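Note that chain A is present in both complexes that follow, paired respectively with chain B and with chain C.
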Partner chain A sequence: MNDMRPLERIVDTDNIKISAKGCQVYYGETHAIKDVDVQIEDNTVTAFIGPSGCGKSTFLRCLNRMNDTIDICRVEGEILLDGENIYDKKVDPVQLRAKVGMVFQKPNPFPKSIYDNIAYGPRIHGLAKSKADLDVIVEKSLRRGAIWDEVKDRLDKPGTGLSGGQQQRLCIARAVATEPEVLLMDEPCSALDPIATSQVEELIDELRTQYSVVIVTHSMQQAARVSQKTAFFHLGNLVEFGETGQIFTNPTDPRTESYISGRIG
Partner chain B sequence: MADATANAHKRHGSLTQVDPRTRRRNAAEARFKAYGLAAIALGIFFLVVLAFSIIRSGVPAFTTTVVSLEMNVSPAEIDQAESGMLKTAAYTKLFIAQLGSQMQEQGIGGEVDPEAIGRILGKVGNDLRAFYQANPDAVGEPVDFTVNASSRVDGYFKGRVTREGLVDSRFLVATDLDVVDQLTEAGIITRQFDWGFLLGKDAGVDNPGGAGIGASVLGSFFMMLVVLVLSLPIGVAASIYLEEFAPKNRFTDIIEVNISNLAAVPSIVFGILGLAVFIQFASLPQSAPLVGGLVLTLMTLPTIIISTRASLKAVPPSIRDAALGVGASKMQAVFHHVLPLAAPGILTGTIIGLAQALGETAPLLLIGMVGFVAREFPTGFWDGFVEPNSAMPAQIYTWAARSDVAFYEKAWGGIIVLLVFLLIMNAIAIVLRRRFERRW
Partner chain C sequence: MPVLWIFLIVLGIGALGYVVARQRALASVGNDPRHLHSLPSYYGYMGFLFATATALLVLIIWLIAGPMVIEKRVAANLPAGVVEQAASQNLLMAEVRRVANGLDNAVAMGVLTEGAASNARADLTDMTARLKEAGQVITQNVTVPVLRAAQEMRQANRTSKTWMAVAVIALAVAGAALAVLRAQKDFRARNVVERGVRWMLVGAASIAILTTVGIVLSLLFNTIEFFRIYPASEFFGSLTWSPSFGGGSELGIWPLLWGTLYISIIALLVAVPIGLFAAIYLSEYASPRLRSVAKPLLEILAGIPTIVYGLFALLTVGPLLISVFGDNGLGWMQSGTAVMTAGLVMGIMLIPFVSSLSDDIINAVPQAMRDGSYGLGATQSETIRQVVLPAALPGIVGAVLLAASRAIGETMIVVLGAGAAARLSLNPFEAMTTVTAKIVSQLTGDADFASPEALVAFALGMTLFIITLCLNVFALYIVRKYREQYD
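Here is the complex of A and B:
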């Protein structure tokens, strides 16, 4: 952990969106996340990398309290979003999730029309006063999801009828429709082919201008391509966190070095 | 060395020759397919036999033998009949007299024997009296009147009664059948579709011709309403709670196991429970469809809960994640996304549960919904729930238990009606499921 100190100091604190302090996660007896401190900046893509089972998804799901849905899961420590502890008793996870959107590993559009997929979030949060408002939100979100041109003529067709890559961009559009401030993505490209992957990666880069994006990926190339900050997890520990370029070219921890060079699978 | 490599490439024999292992494997597979086909064929065979015997035994119940006569009763005759003690008997005599004179006109049956005519006719007096009391204007006018022939004459047409079998019978003698044949030729006795069977109510043990299933169909209908209104919301709510909201712990495990056990409890146990709790303790009326519905609700709930939970489980968790991910509450996620996807399964389970309840007999007998109770129609919609009535299967059971073979035929007819209702319910289930599934 010592090796993170110098980096923390150079972080511009005004720009911090999420900051975790001493975060511990347990699944029953299993200690899945061990004392993680991390600071995630606004308008930045932060990548979580690490071998399978090291706790990347678990930690990501802590950031919008999706872990609440797992009975045996217990979270300790503090996670501050804009300085407020999201695990505070007064915080309603539903409100939090409108602010911290999430895109899942497997594209999971609702089995409804493309329009309804996007409109669902704004509807339940009361973001649109009229049908016209909603239409505007749907179009804007689909444009941000870089999928508007492909679906504008079939908004009433089922979202499940799209290709995998289109479905994932639809899910991203759905996530941004509720006007979140943070976007969490758990291996968003793992079910996609290379072309769809590069489309989504381009999209992630654009999204950075408006959101703080956290992406879990098992592909180091992807982390290198899309992120500005990278966090390397290993066996539930945050081993190293810093500028993506520095992590990939000049890691300070030997474990990071061996993972990047392919020695830890 | 060179040998070894060559052999390594030829570890297997020629592909065009089937080796013994493969032959045995293929034989086993062929045998298995044959067993499966045989099982299906056997099943279909029994189904066909069942359907055939039901139809053969049941269809005659839908026709009846009737005697048609143009009656002309004078006011004096009515007054005379009404003044006596045995009013219906007097009306019967009136009918016999008129039929006798018509027979004489047409030269049927030689000398008129009122007793023989009486044996041919069913219960005439009641109907006739009821008709003239309802239509006083008809007195003195010619009226076309159709009454049931006696159940033995009906049985004669349906092959149940033969001349040889009529030795020693005081209800119908062999020579009566000659009269019947002549009346049939003259068009006075005919067979027609028996609306009374579908729309009527149960009749006494001595009047199988007058017995109908209509009243108990209504009884079943009111019971099913109670079952649907109670078990669907309770069952679905319980399932949603258990599946989506309840913590997984010892307590919910115990509940879960017990619900499964409840589904296996014999129905008669629910019947005696209903008798003790609803009738003896809660003082609800006996033989009421309301109580029957409550008992059947208890029976149907486990079925609905089990199938609902199975269909909720079948909804992929990713849908719940998706909804929660955009900031839906748990309840919104369940009601907006999970429930619609589970609806076809819930519907199927509910209708299967209802169909089971529709065919259930034993618990109804315990709470007094036996067949002979269905002697009157309910007087109104709400009264239908509390007035004594029977239900289709209990009515069928009662008929089958009566000694007169004519009732046995009614029982088979009742089975057909019950099966038609079950088929309709299944068809509705299929249609609804299709409709829901079309919304992906």
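Here is the complex of A and C:
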């Protein structure tokens, strides 16, 4: 047993997928994210919780440089993906986003067929050599998105014709199709009913086996259900970060405790 | 009493109705508006509406229908022989109208006394002279039946006006009185005003629609008249357009239609890519500051009168093209007025239509679509090409078809830029002409209005109207069909 120990340690350090150090975000004059340090592990679901406007979505969008599309947004500090700073000049945000996929709050399928929705990413990144290849990718992604059985007979129908929950799973499948390493989810269930929510939650748990998943959520129950690690943000600060069980049962910071028990937020 | 006075009196009664109805309503609850069903001003509005609405409606109908009724009655009283002697009853009635107006003017100017104007046995030569003195254009000496008819018409007009004034003012007073009677605490004045507003809006909408119907009908009757004297098979079958006002002209629509389509296609080939790319730049790449300056600047293009574009084509673009494609250059072009000249300038005119509409439509594509695409690692141009443009496509098609309708209906640029020769040719450097330009030249010529050479203008207009209508319906269909693609 003893010689297992060093090995375990190595795995632990290797396991860090994303690590942010001293991350600051400004929207014009507003200091939205203040000095956040966080380490996101591979094959783990990390949940960001906190009251509205606390900066959790902003921070999530820093992880794949989606904030670049906002003119007045400025990011300082380091965010390392596999040890490489993603805000380095030589990193192309477009390629980064292929590696760090994103699912949004509101399902946003493109006004195209279900097939084309999934094939969109693989096509622009040239992941498929032939139509047959693409077919395989589409089927695999839809299966991973737990929606294959529902849509396999109508792949040529528009994706916008699906129900809300199906649309969101389609969007997850679409994100998965580009073979990302990290999957960012910005309140993926907030527009869904309870049944669709539980389907998506199950899916998130399955996705953990292949990806590192980061999820922003307003629902503390959801965070408790799907995540292994939880980060609590408040007013732009990362207040507490740790094991989900520990955060919810035995938080160290009084602010976390107040939020979880419903006194702030 | 002049109409303006009647109108002002009705408005005055309405204002009085407002004040009285409002006060009576307030008085019915002891000046505490909280006990009223509606706000006090609603009772006032009701008073105003009741007084003015019916009265003004009757006024308008009377003004339109009155002269028609009188004319019909006067025409019926004309001796039968006189009508046969004149070319047609219309011409004779026009003469009667002129004399009647002349008598009015002459009395107003003091050339004739009222008694002399009404005197049925007046001296005709003297009357003609006096009317001419009063500035009335009279084609021939006034004859007895015409004078009688004119006098009868004057008389009838005067009676009609008096009765109109009495009826309208009585209606206004009655309406105001009714409203004042009803202005009680429990009366739902607010709902009445709401209904009144609704009918006012309905009225405005139906005027727009009825005008369209009227335009179509006026085109239609003349078109039918044209096809009665000129065979439709020739009009739609002949490939030659050579009107000669002496008769024996060939009026085939194809050379004109071809010119219209050719020039429009060139214009769209210029306007659609430039306009669309400008719209994409403005909506996707330009900073908000630049956009707020550049978009109005681009829209200034739309405000330039088309005659100015025509001059631009004639003075600048034509000579420019000649210097490149003319005898000193490639030798394809004989003169500055050509399909290419008009097409290019018309294209420039259409750029703001395409760009401004497309820009709005591209902006309406939800940001979530773009985020979704960027989140998958697509570049900006990939996102625009594969997500934004397909989502905006129905609207863009609508914008393009709207621009096409404009191009087809454009006249001034064609007159100045494309020449006047109707011919079927594929060479874009030759002069051609369009349907609209020919409508102008056919109607402004010296031709007898009843000749096919003049009436053909209506058939051309009708054809053009149907083509643009089809285009618009098609645009509407496209937009409806694809409108709900994203949501």
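Miscellaneous remarks
In this text, the second predicted complex is superposed on the first by the 254 of 265 C-alpha atoms of A that agree within 3 Å, B and C clash if a C-alpha of one lies under 4 Å from a C-alpha of the other, contacts with A are read in each partner's own complex, and residues count from 1 in each chain.
Basically, contacts are C-beta pairs under 8 Å (C-beta built on N, C-alpha and C of every residue); 3 or more make two chains touch, one makes a residue touch a chain.
From a predicted model like this one, the values you see are computed outputs, not experimental measurements.
Legend: residue contacts after superposition of the two complexes on their common chain; A:D153 is shown touching neither chain B nor chain C. In the superposition on chain A, A:I124 makes contact with both chain B and chain C. Shared-chain residue A:D71: touches chain B and chain C both.
Comparing the two interfaces of chain A, the one with chain B and the one with chain C have residues 64, 66, 69, 71, 94-95, 97-98, 101-104, 106, 108-112, 120-121, 124-125, 158, 160, 171, 174-175, 178 in common.
By the touch criterion stated above, chain A contacts chain B in their complex at residues 64, 66, 69, 71, 94-95, 97-98, 101-104, 106, 108-112, 120-121, 124-125, 158, 160, 171, 174-175, 177-178. Residues of chain A that touch chain C in their complex: 64, 66, 69, 71, 94-99, 101-104, 106, 108-112, 120-121, 124-125, 158, 160, 171, 174-175, 178.
By the touch criterion given at the top, residues 287, 366, 368-379, 382, 386-387, 390-391, 485-487 of chain C touch chain A in their complex.
Contact residues on chain B toward chain A in their complex (touch as defined above): 247-248, 316, 318-330, 332, 336-337, 341, 439-440.
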